[in-house]
Structure formats: structure tokens, C-alpha cells
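Below you'll find the structure I mean.
Chain lettering (A, B, C, D, E, F, G and H) follows the sequence in which the chains are written, and residue indices restart at 1 in each chain.
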Amino acid sequence: MASVLEPVGSGGQHPAHRTGAECGIGQSRGPAAKTPEQIFALLAELRARDPEAPALATRCPADVLDGAATRFPGDAVHADHVAGTLAVGTLPPARGNVLVVTAGTTDLKVARECAATLAVLGVRADVLADVGVAGLGRLLSRLEDLRAAECVVVVAGMDGALPSVVAGLVSAPVVGVPTSVGYGVAAGGLAAAASMLASCSPGLVVVNIDNGFGAAAHAAKIIHAVHR
Amino acid sequence: MASVLEPVGSGGQHPAHRTGAECGIGQSRGPAAKTPEQIFALLAELRARDPEAPALATRCPADVLDGAATRFPGDAVHADHVAGTLAVGTLPPARGNVLVVTAGTTDLKVARECAATLAVLGVRADVLADVGVAGLGRLLSRLEDLRAAECVVVVAGMDGALPSVVAGLVSAPVVGVPTSVGYGVAAGGLAAAASMLASCSPGLVVVNIDNGFGAAAHAAKIIHAVHR
Amino acid sequence: MASVLEPVGSGGQHPAHRTGAECGIGQSRGPAAKTPEQIFALLAELRARDPEAPALATRCPADVLDGAATRFPGDAVHADHVAGTLAVGTLPPARGNVLVVTAGTTDLKVARECAATLAVLGVRADVLADVGVAGLGRLLSRLEDLRAAECVVVVAGMDGALPSVVAGLVSAPVVGVPTSVGYGVAAGGLAAAASMLASCSPGLVVVNIDNGFGAAAHAAKIIHAVHR
Amino acid sequence: MASVLEPVGSGGQHPAHRTGAECGIGQSRGPAAKTPEQIFALLAELRARDPEAPALATRCPADVLDGAATRFPGDAVHADHVAGTLAVGTLPPARGNVLVVTAGTTDLKVARECAATLAVLGVRADVLADVGVAGLGRLLSRLEDLRAAECVVVVAGMDGALPSVVAGLVSAPVVGVPTSVGYGVAAGGLAAAASMLASCSPGLVVVNIDNGFGAAAHAAKIIHAVHR
Amino acid sequence: MASVLEPVGSGGQHPAHRTGAECGIGQSRGPAAKTPEQIFALLAELRARDPEAPALATRCPADVLDGAATRFPGDAVHADHVAGTLAVGTLPPARGNVLVVTAGTTDLKVARECAATLAVLGVRADVLADVGVAGLGRLLSRLEDLRAAECVVVVAGMDGALPSVVAGLVSAPVVGVPTSVGYGVAAGGLAAAASMLASCSPGLVVVNIDNGFGAAAHAAKIIHAVHR
Amino acid sequence: MASVLEPVGSGGQHPAHRTGAECGIGQSRGPAAKTPEQIFALLAELRARDPEAPALATRCPADVLDGAATRFPGDAVHADHVAGTLAVGTLPPARGNVLVVTAGTTDLKVARECAATLAVLGVRADVLADVGVAGLGRLLSRLEDLRAAECVVVVAGMDGALPSVVAGLVSAPVVGVPTSVGYGVAAGGLAAAASMLASCSPGLVVVNIDNGFGAAAHAAKIIHAVHR
Amino acid sequence: MASVLEPVGSGGQHPAHRTGAECGIGQSRGPAAKTPEQIFALLAELRARDPEAPALATRCPADVLDGAATRFPGDAVHADHVAGTLAVGTLPPARGNVLVVTAGTTDLKVARECAATLAVLGVRADVLADVGVAGLGRLLSRLEDLRAAECVVVVAGMDGALPSVVAGLVSAPVVGVPTSVGYGVAAGGLAAAASMLASCSPGLVVVNIDNGFGAAAHAAKIIHAVHR
Amino acid sequence: MASVLEPVGSGGQHPAHRTGAECGIGQSRGPAAKTPEQIFALLAELRARDPEAPALATRCPADVLDGAATRFPGDAVHADHVAGTLAVGTLPPARGNVLVVTAGTTDLKVARECAATLAVLGVRADVLADVGVAGLGRLLSRLEDLRAAECVVVVAGMDGALPSVVAGLVSAPVVGVPTSVGYGVAAGGLAAAASMLASCSPGLVVVNIDNGFGAAAHAAKIIHAVHR
């Protein structure tokens, strides 16, 4: 198992492992982004604490992703430039079946962050991209795949309508991830987040905007409970 | 033609004919709601100005709806208690084909206000209720009706997702009407309005929350242009 | 199984079964609340459609709760005056183990709505009330119960801090339910909702404000997947 | 006809054709903007799918606009540097008569995006710039042109007052496009959007901020219905 | 001169003279509204402090307006039931020329509060009602009156567009008063206030929503400066 | 010492003692307000847990305040109808010197809640009312009292300017309490709260809107630290 | 007299003369900022239309300010690098007496924009900087200057408290200008704007954030009315 | 004692000494950031006014921090590159005991600004970093340190939950400092600020987002009162 999500009640691990949270997008918001060396140091510390488990950093800039293989020569390194994720260490065997669905192609970055996190947590994940509600035909043609999944993560910006539609089509748990894709009233993702929270489809749950990592953490808990 | 929507460039008619706008819902917001007698007087004034055309009041309280037949003994009176609309005078012959669609049953009041306004403006309108995105099957089973309409008005509260879906299914112009149905982050209809404005379906246009009257005014302009 | 949450892809059931959604709190927001007779009619329709399953209405006024036994003489009637829920029909056998936790006593209404919905959906649920973060001792003294649950629903208004704390203490999936309890900047529950969505505890998911029903729907999906 | 707006019910086309949506303005908001090569590839794909129809990209950076002629040597290329639009392929014959009106000169970019989209969709469009409400004389001197149009698109930032005034002057359908022009309380265009949605002129409909493309899509549907 | 607006630098008078501020609309917002007896006592105190000047209370409930003549038997009493204003004492001679313009009839309450306050402050004021931008003809037909005024106060809810138009038509100072008239995105008057603040007409200034009193106070200062 | 504010680390007391929090103002927001009997029961429970300490309920309706003497016959009962506070039990001796300042008379309710809470916590408090910034003279005439206080609590609605001014005049710690007094953009107290948080006077701290109780809790901690 | 503020009722001048509005700060908001050459062209056009009057551009970048003397060799050029204003042409004789007051030194840019605009409009203006409410002594020591002014413009960011204080100290008309100076809840100036609009000082009027130009336009109208 | 916080009632010092407020974060918001030379000049002026006291600048860019030793050769210079603070002059002896706690490592910048300010004000401060609520164990293991402090400052972004938890664990005064760390709904720190203001822990007070300086100013006043 990965370091990332162990229970923390006894003084254990804290969210600082999301070392990338202040890279990239966070960099212009918070008072301080981490340097590449700080990210590498945090990953090394996570690796040292639990050598059996891979360590994950999200929202990494390109130089972190490119320099990781050199920095961790003895380790397996999994860098996803679309997602901005970096996993160091051997990935655990994957079980379960999570489908990560996106409304548009620009939501792919968040979907891939979700999938990369699930891989680190030992969960199998497939990505089904670009099936937004403006073209229902594409979505409905994949109904079989949607209904086969044990958990569905739906990533959508702009109107945020897709998770409500998907949650009406499947009986598995559905997690909505609003994204900051959009402009005007959609800017920042609040319109999508509000639409998902106000969904008329019962049982749809929501995480923070662009938080593919958090959706993966929740989905992994479900899969681990099912495949205990 | 009705008094309601004549061009106003030459000092003509102004929106005060929407006499009901401050009744009911408006009553707790604005500094002053109209009394029943004020509404009756405004309707009589509109009737006198153009005796050929019916006059319309929206958002009327029950005592206005119930008292209208007595107040206008010689006129045809069309009172819709669900919509809160009151039309006085003979309705013009209906032409065109507008479909007013609602996501839930509680959106019906706004949809009926839209349909009643269209009737006053000489446009034929049907209402298709309760086909929200949580149950796509119901919507898809009415695809033929949707595609037959010359203009579709989609009324939805909560997530506001239905107009985006409908706009992806038909080629006619689509008008979204967000409603104040909902609670929590949906309260007041802003979440639905934002979702519609941020729609990924090109060409969806939006009116104010609960504004079935305004959607009808726009739809009627389209129908009148088509059937000139 | 209950009528409430069946998959809806084939034209089936829609969210109108949440017949109570416009009672009480919704009544002052939306354009139209349902009358007691409308609620009874909807419940009867749900019962007729699937006589094996109980039917549920949430956010019912007292006269609906009090009149239900008379209206459904041959049926088991489960009315919870704190929650405002009404279930008609024999409840299915309960399985699984969901713990519904509240920060304060005034959050109890929402927690009880969640528990009543879970009962209708065939899931066992216990309520642990009044363990907010201002008195961590009470929460920590129940750590064993928290960690025994297969899914934890955490109901909190005001600061919305409790779900973040609980999600750091257990490894089961955690669902946060913000409530409208509070005043000033907390009014309406947006402060609590935002705090939960922005949680530093990975994997916490969130539903709409006061939406105990929605949290139950998600938790039931998890429990049904685990106990397939 | 163009690829851009075909009905999508049978699994067809989705909004990703708005390839430029993440270029420029979108670039700082969403998690990923498209590269020039991705935009060219998308356009080529649209062209290949329907060689009879021109393909359109909006919000393109200058290098895309400048490189298009080289990239599509056999095709007609229509690049508008003010609008940031790129149309590839022979434009269809134009019919109808849409007038695109702007309040200020800085709203011109959005108006030109609207006009360029209309051209791709086979609709004739003229632009009447800089007739904002601070100088009513300029607007009133063009009353004849305003009233001759079959549909009027009104583009305005800051106070967003112009569409309400225009909608009171003409009987054709009017679409308001709020823009992000302005500063202080106007920043981002929300003040203009709210003013338009709350218009006292019945029948005014609204699209997202800076969404000249969406206004064109709606206007084109109207024109196509009228000139069927 | 009235008690209401004397300079306060030397420990003088404070805004509590606006005794009605918590009656009516304010009653549901603040923690405590004043009782009729408290309002009468405050007026009496103001009268005693400066017997030469009339005292003014705004936003008074009907029982205060109706009971004033009995309560102040020796004084001239000016009660305006539309405005909710109560002035006690002989009004000073009026000078200057302020025009108070309203967009709709429901804005009249605020306009009358403004006019009543001006009367107490010794300023002549006329009200020109119901000349909103949806019917420019009515407004333009009164251009002479508009341009004759030494100061124009423009009262508008909903879109808040009228002050921008008026400020473009006259050279005298213009004060915009947003009102809470409206619904949906206009509710509460914030849309109107934002549109006025973001006006493209230079020199338009704005007061709080529904604050006819404040607009009068500013207009009176201007008139007193001009007619020194 | 009172029950109200004991440290809670060992499983102790939680904020439910603020039994009145859902009475009055809270009643229309949260899902459930406490009944008089529930408030009395909570007070009795607090009394039983620590018979030496008085117990406090805030935001009590009049029937609770009036019925307390009968309900707690053997106890000292301190009911403040302006503040809505009810203290049961002998008050501890008062030490220290806190000055509670208000901008307007309608802020008095919150100021009295603060003073009543301080009395229960064993702190001496005086109230200086109606010294808002519109009349600086009144404030400056009390400079000696302001500078003599060991802690100053400043209660202000509307513009929220007074705490910034006071914090510039004294060297003791200053706590700002925004109130919901006001209308228009001030409605609910957010404008006052934002102004206080953004203060240019260093060291001003802020509590929730209308939270006189919370300001008292902080002030009491300071006084107890000083007079240890 | 300057070109900038002529009445516009007869089809005349529109707000585009604020040529600098999209330079600098506006550049990152709107879809298009003006180039230096566009600004020069607009100024030349204004000069040509009325050679007697100076023309003004606000929010100019440094290269515009530096290049103006070369571009307009025969004209008097008044460039203020703090304000970012550029006036071309001989300034009219100054009359009247406006005092522009700032809370902090960083508000100076806006105050200087106001003063430069007043100079172009033929009004004498002095700037009194850095007299914010955190140090009342500095403000009170200039009471004589404050009370001598015929109109006072008060520029303040952060808490926005200074205009309320000043409006309580003088009897002349006071205009508040909120600025975007600040961080956190003050960011963008909305907190300051709201505080000013909600002021407890009667008669305070407000313009848009950072809109020194608009405040000057209003103040000039007052001065011109007084000195007719 | 330092120059920074002297009482200002007699015309003294104003907040402009926070010279760094417009550096860095403020630079993109306000109309004008200070240059290094302006900062040095302000510090020199503060030094000259009171040579016994150190002078402090916050939010300084690196070139200011690096150049200070050269610019003030005879003075002790304390530059903290994490905090962005620069103190010039001999620090006063430290007394008291303030604990500055942070939820995450990225909150450290604000915590260090707080600690550096306390040092300048003669107060001893320790920083306890990275004890957020997602890992309660780390926090609870430092309970002794928490309870030993005379005042606790809690710095937290994202959910802002930590101050509520800490305020429930200690009896000393607690000051919450929301930070802009986070993304999505947390962006800018408003979610954290709202959660802290709405805290269920009585007595928690709050300062502006990222305002470590302000929290230090308040804490120092408490410590100085205790150690008089």
C-alpha cells in the first residue's frame, strides 16, 4: 500500500505529502510554493518512512517530472506530464474497477491526476474522455462500460452537468469533480461545483475544484472496502 | 396581438404592465407590492388602450385570480392558479409550436407562466413536465416531440443541467429558465442560472430566475418572425 | 429494496419521489410547495409502482406525518418528527454499519433524515450526536465506534470542521453534510460547505447543505457494494 | 453548412470544436490550454469529418492565426486578429440579417467573434460599434438599422445597460452578451451579466460573459428558422 | 433648517435620527427594531433640541404615521404613507430644483422618501415616475424637465440602467439610487447597484440600496451650496 | 467560575450550552430551534454539572426570559430582555475593566449580550452606546474612558468603521463585533465584518456577526490572564 | 472647457474618451487593451473635435506618458506618472476648491487621477494624503482645510472607513472613492466599497473602485453649478 | 519598544509603516507597489523618529531583504526570507510566551511574519508547524506546549479547521489567521476565514487573510497587559 492515505489518528501522516499542491496552480495563490528540491526531499522522506509503498506528488512542474529519474535512480518512477503527477516506487497490484469520465478534453489533466493517484493506491482505473452532455450520443454509446464500473468519478467544468446525468444512469457510487475549465460565470469552477452539489440525482457526492487526488482517495476507500 | 410586447421606441408602453411582478414572490423583496385594486386598474387601463388585445398580469395572488371574472364581467378571463397568471380579453389565434419542458414538478408554476404568456401573445405552447436529467429515459422517450418544436423553453431549478442536455438534442433555438426551486447551494436559483450560462451546449440562452414571462416574450418574437 | 434509488436509465423513476423536498424549508424558496394531499398521492403512486418496497418522503410538515397512518391504513408507517421523514411500507432487513455523527444537537434533524433514509434503503445506521470539535474529548472517547463503521456520515454546521477531523481518524469512506445551522457568516451553511470541500483530509466528499437524504443515498450504494 | 452546430443526439459532435476556448483568456484558468498543433489537428479532424463545411476555432493566439495559411494550404483561411477567430474552408452563402451592436470600442473583440461565427454558419452580420448609453444620440441615429435587423446581438461590458435599451427599441429578438470589459465592481463582467438578466425589457436573453460564439449560435438558429 | 443634517464634528448629532431605519424592511435584519413609542420619543428629543427645525423619521410603520398627529398635537405633521416618512414641525421654505426620477412604479416608495427628506431640508423636489429604459420614448419626452433640474436623483431597481442613461442626457450632477425591486439575480438590489457603480457615464454617483434618504442628503448639500 | 467557558480537552463541555443560539435569529435559519423546555433542561443540566457556577443561555425568546424565575425558584435569575440573555445562578465577583462600545442604538442588543456574558464570566463591563463615526465628537469626548479600559469591545453594523477608529485611539486589545444592523449592501453584517477584517488599524481582531457572546469569551480570557 | 464631460444628448461624445481605461489595470481584464498609437489617435481626434479644450487619457502606461510630448509637439502636455494621466492642450483657468483626501500613501495614484481630471475640467484641487482613521490625530489637525473645501473627495482602500468619518466632519458634499489597495477580504476594493455605501454618515455618495476620474467628474459638476 | 504599534490618538503614526504591504502579494492588487528605495526611506524615517526602537517592514521582496545590511550599515538587521520581513535596529528583550501554530508547511510564511513581528514588539514566540487536523495525533502530542502558552496564534488555510480545534483545547486567548493557501473553493482564504469566524469554539477571534502581522499586534497587546 501507498504512504498516501494511511489512517492518521496516532500522530501519523499528514496532508503535506501532497507536495505538489502548491506547485503550478497553487503557486499564484498561496504565500509560498515548494521548490523542486523541497518536493524531492518530501518524497524521499515518504519513501524512507515506508519503503514498501510508492510516494506521490501532484501538481508538479515539468522540471520535477523530468528530474525525478535522476534523483531517484534505484526506484521505479512514474511521471505523467498531462496530470503533473509523480509517483516514486513500485506500484502495488491493481484491483477493482473505477471509471474516470470527463466532459471535455481540457478536463483530462484532472482525470489523469485521479487515475495516477488510484494507481498508487492499488486500484485499477480507466479514463473515458470527452463525453459531455452537449453530445449525449457519445455518452450513451458507452453505457455498458459505465454500468460495469464499481465506482465512477465524473470530471466536468463549465456547466458541471455531466455528473448529474451519469449518476442517473448507474447504480454504483458516483463522485463529481468540478474543474476550473471555463470562463465568464464558470471561471474558477464554482458554477460547476454548485451545480453538482445541487444535483437532482440522489447520492452524487462532490470534492473540491480540480481535486482529482481527493476523488481518487475516496474511490480507493470504496474499492478497498469492497475487495477486502 | 396582445398589449404586452409592442415596440416602445415612440414613448409607448413600459414593463409596468407586468403588474403581478411585485405580487407574491416580489412582495417580500421590493418596497411596495401592488394591491388587487391597483392590478385591476392597470389591466383595465391596458384594455382601454388597446381593446383588441388581451391584457396579462403575472404573479397574481389568489384573490386577484378569483375576483377577476366579477371585475371584468364583459371580458373573457383566463386565470391559471398554478401559474398565478391572469389574462383578460379574447386570446388571439395561436400559431407556431413552442415546447415548454420542466425538470421537476415544482418547476411547473414557471412553465405555466411561460405557456400562459405565449397564449396571450398568439403562440401555441405545450408543456412537457418532469423530464429531469436524473431520469434520462423519460426525456429520451419524448425526443420526437422535442425535435418537432420550433422553439424549446427549458425550465429547471437545482443543478440547472436539463437545458444543456436538451440544447444538445435539438437544432431549434433553446431558452433556459433557471428556477428558485432547491435548497442549500441551489437556494434562489443562482446555481442553476450559472450552470446554464456556462453551458457547453452552444447557443443556449438564458433569462432571469423564475422568469417564465421573459422566456415567452423571446420565444414569441422567434415564432412571429418565422410565421410572418 | 426501496423505490427510492433504483437506476433510472430506462425511463424509470425520477427525483420527484423526494416529495418532501419542497415542504418546510423549500416552501419559502421555490415557486410552489406540495400540499399534504399531493405528498400522499405521490407516496401512493410509488407504493403502487413497487408494492414490495417502502416509499419515502422527506421534509414533511407535521400534518403529513400525523395523517399518514390514517391515509395508509394497511401499511407500516414510519414517521420521524425530528427528521420530518415519512416512510410507508415494510422496511427491508438492515445490513452494513453506517455511523452518522453530528457536531451539535441542532444538526440532529439532518442526521435523522440520513438515518431514516438509510433504513428505507436497507442499511443499518447509528447516530452519534454532539461531538463537535470544540470538545475533542467527547469525539476521541468514541474512536472505537468511529473506526468500526463501514462508512461515516458527518453532519456539521457553523465552522464545518468536524468532517475534516473525522476523516483524519478513520480509514472508511467519509461523507460530509454541511448544515444551515449557524448565523452571521455561517448563515445558510455555505461556510461549512466550503470548509468541507477545502478539507486538508484526503478523500472527504461532500453533499448539498442539509442534504441528509443525499448522504444516505451515497452511503447505501457503498454498503450495497460491500455486502453484495 | 458548418460543422460547428449540427445536432448531436446521435453520438455526434461535441463542443470540443471550440478549440480556442482554452487559448488566451482560458489559458490562465483551466488546467490545460491547447497547443497550436492541437488546435490545427482538431480543425483538420473537423474538416475531414465534413469537407463541405468550414471549421472554426475561437480565441486563437496570434501564432495560430498566422500559421493557418501554411498549415491548410489548399483551403480558404479566414483569420480575424481582432476577434481571435480562425475559419478554415469555404464560407457558405450568407442569408438573413443580424446586427451586432457594441457599447464601447473595447467590446469589439467579442462582437467580431460573434460576426465571424455567424459567417461560418451562413448568416449575414453587420457590426455597429460604440453606441453605448452614455451617448444615446449615436444609438438613436441608427434606429432604422436597428429595426431592420431580423435579430440583434448587443455586446456590452461595465454597466451592461445597452441591451435593455435596445430591447425596448426593436421588436426582433435581442441577445445580450456581457463582456469582461471594466474594472472594480464590473471586473469580470458579472455586473453586466446580472443587469442584463434582471432587465426590465421583456424578452431579452443572455449568454455567458464574452461568449460572442454562443450568441452567434443562437442567432443563427433563429435566422435558419426564418429562412427555411 | 432641519435637525437632520447638521455637521457633527463637535460632538453633535448622530444618525440615530433615522429612527425608522429598523422599522419595516430593517425589522427582519437587525437585532432590534424600534417601537412606535421609541420613534416618537426620538422625534420629540430632536424637536426639543432644535424647536425651529422639523424632525424626520423614515421607514415608519403605519401605526406611527397614523398616530403622529395625536402624539404631536401642536406641531405640523407630514406623514407620507407611500414613503413611510414622518416629518414633525413646520417645513422650511423650499429652494432649488431637484428632479427625482423612477424607472418603475414600484420604485416610487424610495423616490417619495427622497422627496420628503428634501422637503424637510428646505429643497424643492418633483417626482417623475415610471420612465424606465424599456420605453425610452417616455423619458425622452421629458428631456426639458430633466435638463432644467439643478440635480437629478434617479431611482431604479432590476437592471439599474436608467441612471446611466440619464447621466448621459444632462449636465447637472446625477445621483443613482438602486432599489430592491426585482427578483432572481436582481433580488436585494445588488445587480442594480453594481450596474450603477460600473456606469459608463462619467460622474454618476451611487448611494446604498433603497436609500432615498441618503440621496436627498447629498442633493440638499449641492442645492445649499448653489443657493448660498 | 461559570460553566460556559471551561477548557474542553478532556471530553468536557461543548457549545450546546449556548442554548439560545437557535432561538430568535437562528430560528429561521437552522433546521430546528430549541423549545423553551429544552432550553430550561439544558440550563438545569449545566447547573447540576457545576452547582457553583451560573449557567447562561443567549438569544432567548421572551417566554423563556419571563418563565425562568418560576422554573428555577431557588436560584438567582438574571434576565436581560434587551440582550435576550438568561443567567441562572449567583454571579461571580467581577474583576477587570472591559468597555463595550456601540456605534448606534440598534447595536445595543449585541453589546448587552456581550456585557451579560462577561458578568457570568466574572468580568466587570460597562457599555458606552451610540458613539458612531458620523459624530466623532461624542466618541472623542469619552477618550479617557476608552483609554482606561483593559480591553475594548466595539460593536458596529452598517459601515463597520468604528472599531478601526477606536483601535487607533487606544493601546489595549480591541475586539470588533460586526452586527446585522443595516440594509442594502450592509444587510446581514458582511460589509461591516469585511471592513473590520480589512482594518488599517493593526491588532484589531474580529468575531462573527452579532456574536457578542464570542467577543465576551475572548475578552474574559484576556482579563483572567491579566488578573491571575 | 474640456472635451471630456460635455452633455451627450444630441448624439455627441461617448465614454471612449477615457482612452486609458483599458491600459494598465484594465489590460488583464478586458478582451483588448488599447495600443499607445490608438490612445494617441483618440486624443488627437478629441483635440481636433474641440481645439479649445484639453483632452485627457487616464491609466496610461509609461511609454504613452513619455512619448506624448513628441507626439503632440505644438500642444501643452501634462503627464502625471503617479496618476498615469495624460492631458493634452492648455488647461482652463481653475475655480472652486475641491479637497482630495487619501487614507494611505498607496491610495495616492487614484487621488492624483482625480486631481488631474479636475484640472482638465477647470477646477482647483488640493491633495491631502495619508490621514487614515488609524491615526485620527493627523486628520483632525487638518479640520480647517477640510471644512473650507466646497467638495471633498475621500479616497480609501482596505476598511474604507475614512469617508464615513470625513462626511461626519464637514457640511460640504463628500464623494467616497474605494480603492483596490488591500489584501485578503479587502482584495479588489469590494470591502471598502460596501463599507462606504453602508455608511452611517448621511449624504456620502460613492463611485466605482479606483475611479478617481468619475469622482472628479461629479465634483466638477458641483463646482460648476456653484460658480455658474 | 518598537515604532510599529504606538497609540496614534495624538496625530502620531499611521499604518504606512507596514511598508511591505504592497510588495509581493499586494503588488498585483493595488494601484502602486513601493520600490525598494521607498521602503528603505520609510524604514529610515521610522528609525529617525524613534532611534531606540527597531523598525519593521513586511512582505518585502528579496532585493530589499538582501540589500538592507548595506543600506543600514550601523544597525542590527533582521531579515527573514521565509517571512519576507525586515527589522532594522536592536530588538527589545523578549517577554511572555506566544505559540504560533500552523496547519501545513505552506502556512509557514505567515507564521514567521507573525513571529518576526512579535520579536520586534518585545514578545517571545515559538513556532509549531504542520499540526493540521488531518493528523490529530501530531497536535495532541504537543498538548503540553499548547497549554503552556499565554496566547496561541493559529495559522491555517484550506478548511481553516485547526483554530476551532485548538481553541477547544486551551484556556488562553486564541487568534485565528486564515491563509490564502489552497485552491478551488478555498482560493484566496475566504473559506478558511469564514470557518474561523463561524467557529463553534467560543472566544476564537480572527484577523484578515495572511495577516500574521495583525495577529502579532493583538497578541503583543495581550502579553504587554499581562506582564505590565
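To be clear about the criterion, a contact is a pair of C-beta atoms (placed from the backbone, for glycine too) under 8 Å apart; a residue touches a chain by one contact, two chains touch by 3 or more.
Model, not experiment: these values are computed from the prediction.
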item	value
Chains in simultaneous contact with chain F and chain H	C, G
Farthest chain (mean CA position) relative to chain C	G
Chain separated most widely from chain E, comparing mean CA positions	A
Copy pair chain A, chain H: interface residue numbering same or different (half cut)	different
Mean-CA-position distance for chain E and chain C (Å)	49
Euclidean distance of C-alpha centroids - chain B vs chain H, Å	56
Chain A and chain C, separation of their C-alpha mean positions in angstrom	27
Multi-chain contact sites of chain A, meaning residues that touch two or more partners	8-9, 14-15, 25, 104, 132, 134-136, 168-169, 180, 182, 184-186, 188, 190, 193, 197-202, 208-210
All chain pairs that touch each other	A-B, A-C, A-D, A-H, B-C, B-D, B-E, C-F, C-H, D-E, D-G, E-F, E-G, F-G, F-H, G-H
Contact set on chain C toward chain A in their complex	4-9, 14-15, 18, 143, 147, 150-151, 168-173, 175, 193, 197-209, 213-215, 217-218, 220-222, 225-226, 228
Chain B - residues contacting chain E, complex	8-16, 21-22, 25-26, 29-34, 178, 180, 188-190, 193, 208-211
Contact set on chain H toward chain A in their complex	25, 82, 104-110, 130-132, 134-138, 140-141, 157, 179-188, 210
Contact footprint of chain C on chain H as seen in their complex	103-104, 132-136, 158-161, 164-165, 167-169, 182, 184-186, 190-192, 194-202
